[in-house]
């Protein structure tokens, strides 16, 4: 470890002032060091103050924020004393910045080449022709194929992973000493995330720049960072070398984060009798389900020829990256989409029949009751105008369950089942947190006593600790009520934690299906292997993690996966 | 290939359809519902026309044809530049209009250009500069200027300008003024209210672009505010401004009608006002059709210009099938809708609209 | 189309979803809104009980000298026949505000109905309705309202209906976009999943969630309706004289603008203040409801 520090933050406090309201501290008394050539990760859940820290370092705090105390020094330079002109001299040249969302971070009307050359042009380091040569070199350096062609393309013509590479290329154009990466991979699929992180590691090693890495993902931080700072409520609750924090967390919060992070759980749910999954009469059976929205070459938007079965009382996970067709499958199962062809049997219902024939109203109603869907985003799944009580009473009235006197009791039971206090009933969705809302959504699904519940990314929008609570709740409810779950997620770790059987999907096709542990232990397709391989593994937890350059995959497959 | 030929044809077809429907609506309103214009005008005993003469006129004007026959006659007339005859003076409507059109066109163009300049100035100074300190007051004042401008009655503004600049200060003469001098006050009268919506849309789009991720990234590269404005913000903020140019055409027409009346300028606006007073429906019908034609053409141009400026629309068109991109609603309607919705604080997520969500729709009725 | 179509008080780009879990701080009412509310209340009081504010006769000047300059006695001076100009403005409120309400009512009811039907039923009906709305939109508003006035005849209510028709398109488009957006939202899907029928979902979820922007637009539209109606009045197609109406008052004063500027300037300022106030209130409402 080099003794000298590149970036040193001492006792930084940042307040947000809302108009007329009291100021709220977003960050207080923060100490942080980034050394040359090393990576310091700041980990925290949403609202922990980690992004505020990053913005303070690059001097881009919103106008409502104010630094109340502390010092930020880059080498010998006191960043907080800089004026507008001073900052212009530092940004780009000494500090590079890689943003969170590659989708909106490139000027949509500018070619890739111009975006990458922008820093060179701003700081007058190159004329047009020289800039072009440097751009092509930079693009090649971050692993973009055919850089000459790419330089003339526009952002919308590139995949998310490509765009993030372009942003990295633009940030390192002037060889800054410090790179701030604010959640650079959270908008990316897991295989693409791995590529981008590998790139950052490689650049760090080659150029000796320091990286301040902001993330909500403890596993990513643990795998890549040299030093770790865990933030909670604006404070650093734990910091130190990454290995030490993982192996011996000294605070309760940090250890809870580590245990709750699904990516770090090696123990899967005890598998329900595997025989049950292969019974002759599965509860759900999907046969050659096909529903194609659009087709370009090999790429299918929608689903094609998907088959799997789910035994009663078990959980079936559907995992895949964005555009894999998992949501379409879920919608078809829940009866919100009539597939173009194929069979979907759930109990004694044929879900596909509802679109084609003219089933009786009664029959459709029964099907709706049997299968319930829980959406990804709890904030949009509940009508903001209705109280929780009204939201939970609505399905009872619609399905004519209970009567005027028994409904309040049923609603209270439903709240109790998802461990929410009864006084929440008169609140509106805006007054509840994400986790609480998702509990309400689950309560609404369960109040009609369904047999199958389809969860569409139902925990993806939640912080990791809340996610863990919901997963535990679902597990308990399943054994209590003998429910069958279909659980859709992009997160392999979550699937591993909850599913008995799993289907892996990619680009509208089913790659493989089988018992979860079997697939995790012995993936049969290279696609599944690449997915598993991309799960970050903190060094201290998996001794056998392969070196970064020893990827078992061909690059073409990786790129195509990224573009799906 | 920037413009897809098929897209071009479909879009042209739409424009023709809208124009035809607008003509039909105006024809029903101004020609069918009022009934027999000839009888109303010439059967007046004071004119002393004999029944034979009236019958002759009826014959000549086709007043006894079925409504469909008159519709077809009128439609073919419009297609060939024959807009019928004024009920008031008997002169050919096309002659009256072509005499008045140049003056109105000059006023409209100068008013529009002035409005554009005014709007850009207001928008830039309302969004740039220090957010705090004494100068921020200037920003806040400018930010509320469009609200003020939009609340001014146009006719009142015209009278006020005459009062102040001609009568009080004597800077601009309204009597015996040269063509350029006579244009100054009418231009201002048209421009001030017209600049308000344009400035408002520009302020909003500049603010939105300023808050976007790529501006933060560019700032993090060390760009100055000027660099950001010129290289990053301007082009992105111009796109919604382009839509507004198509939409304010209606305001321009309203401005011309009122301004020409106030200043007594001979032009389409004055003719329109006189036509209403004398219930000269053929003139009104011609003005409505010509103005609608102008609106449709301008919006067509804006729509065709869009893919040239916004690169994102180029490849989308070539990838997605044309029929799908046009099926639900065409581009200008969407953007106009977005502007409408934004004016009441609603974000429209058009991206959520296409195919898949259409399929999920419940057929549960 | 009216100018409110594109009119907005710029609000940051904050995505709408964020508001759901954003902090619910209740910002204080800005002073501009308080003043605007006062202005509107006064205007409404003028319309309802004009006698409280003035003791002159709006249509008969008696033996008062003509074209008196503003004074404590005659705040806005007197016009060519010696009528008190302020009194005429006060009495004009009832005509102008009534007409504005009728106009916005026509646009709101017809437009919202069309929009909700188009946005929830979709398919060919949506296409036909929206194409018709496009046609309404493509005829410049002033020409459309003039054409309607020619057919219906001059007069306050006819002018109001004519202005109302030009507003239909905007209400229809806004209501449709709202309905489409709400119709594809998760909570509507969830309501169907909970066994809801088309009609129950429309009434319980779609209508309540889509109506508030439409109502905000209605308030914003009152201001532009006042302007459009006074324009028709100024051109002489609205309320016939001698009944006072704001556009007409300014048109009459215009003949004396060189000698008696107050007859045009002061009523114009009143109209401007009231229109500005409705915009302010409309924007505040919009911010509160969104």
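Letters A, B and C mark the chains in the order given here, with residues in each chain numbered from 1 onward.
Rule of thumb we're sticking to: a contact is a pair of C-beta atoms (placed from the backbone, for glycine too) under 8 Å apart; a residue touches a chain by one contact, two chains touch by 3 or more.
Everything numeric here is computed off the predicted structure, so don't read it as measured data.
Participant: Taking the touch definition from the header, please name the shape of the chain graph: line, ring, star, complete or other.
Facilitator: complete
Participant: Which of the two pairs, A-C or B-C, is linked by more C-beta contacts?
Facilitator: Of the two interfaces, A-C and B-C, more C-beta pairs touch across B-C.
Participant: Quick one: chain A and chain C, Cα centre-to-centre, how many Å?
Facilitator: Taking the mean C-alpha position of each chain, the two centres sit 47 Å apart.
Participant: Determine the centre-to-centre distance between chain B and chain C, using the mean Cα coordinates as centres, and give it in whole Å.
Facilitator: The mean C-alpha positions of chain B and chain C differ by 20 Å.
Participant: Listing for chain A: what residues touch at least two other chains?
Facilitator: Where chain A meets two or more other chains at a single residue, that happens at 336.
Participant: Residue numbers in chain B touching 2 or more other chains?
Facilitator: In chain B, residues 212, 360, 362, 364 touch at least two other chains, as defined above.
Participant: Please output the residue numbers of chain C that touch at least 2 other chains, ranges allowed.
Facilitator: Expected reply: 189, 192, 196-197.
Participant: Considering the complex alone, what residue numbers of chain B touch chain C?
Facilitator: Per the stated touch rule, the residues are 17-19, 21-22, 25-26, 29-30, 33-34, 143, 146-148, 150-156, 159-160, 162-163, 167, 193, 196-197, 200-201, 203-204, 207-208, 211-212, 244, 247-251, 253-254, 257-258, 261-262, 272-273, 276-277, 279, 281, 284, 287-288, 291-292, 295-296, 299, 329, 333, 336-337, 339-349, 352-353, 357-358, 360-362, 364-365.
Participant: In their shared complex, at which residues does chain C touch chain A?
Facilitator: Interface residues on chain C, with respect to chain A: 17, 19-21, 23-25, 27-28, 185-187, 189-197, 200, 204-205, 208-209.
Participant: Help me check something: in the complex, which residues belonging to chain A touch chain C?
Facilitator: 18-21, 334, 336, 365, 368-369, 372-373, 375-377, 379-386, 394-395, 398-399, 429-431, 433-434, 441, 444-445, 448
Participant: Considering the complex alone, what residue numbers of chain B touch chain A?
Facilitator: 131-132, 212-214, 216-224, 227, 231-232, 235-236, 309-312, 315-316, 319-320, 355-356, 359-360, 362-364
Participant: Once bound in the complex, which stretches of chain A touch chain B?
Facilitator: 58, 60, 63, 84, 87-93, 95-97, 99-101, 104-110, 115, 118-119, 122-123, 154, 156-157, 167, 170-171, 291, 293-294, 296, 328, 331, 336-338, 355, 364
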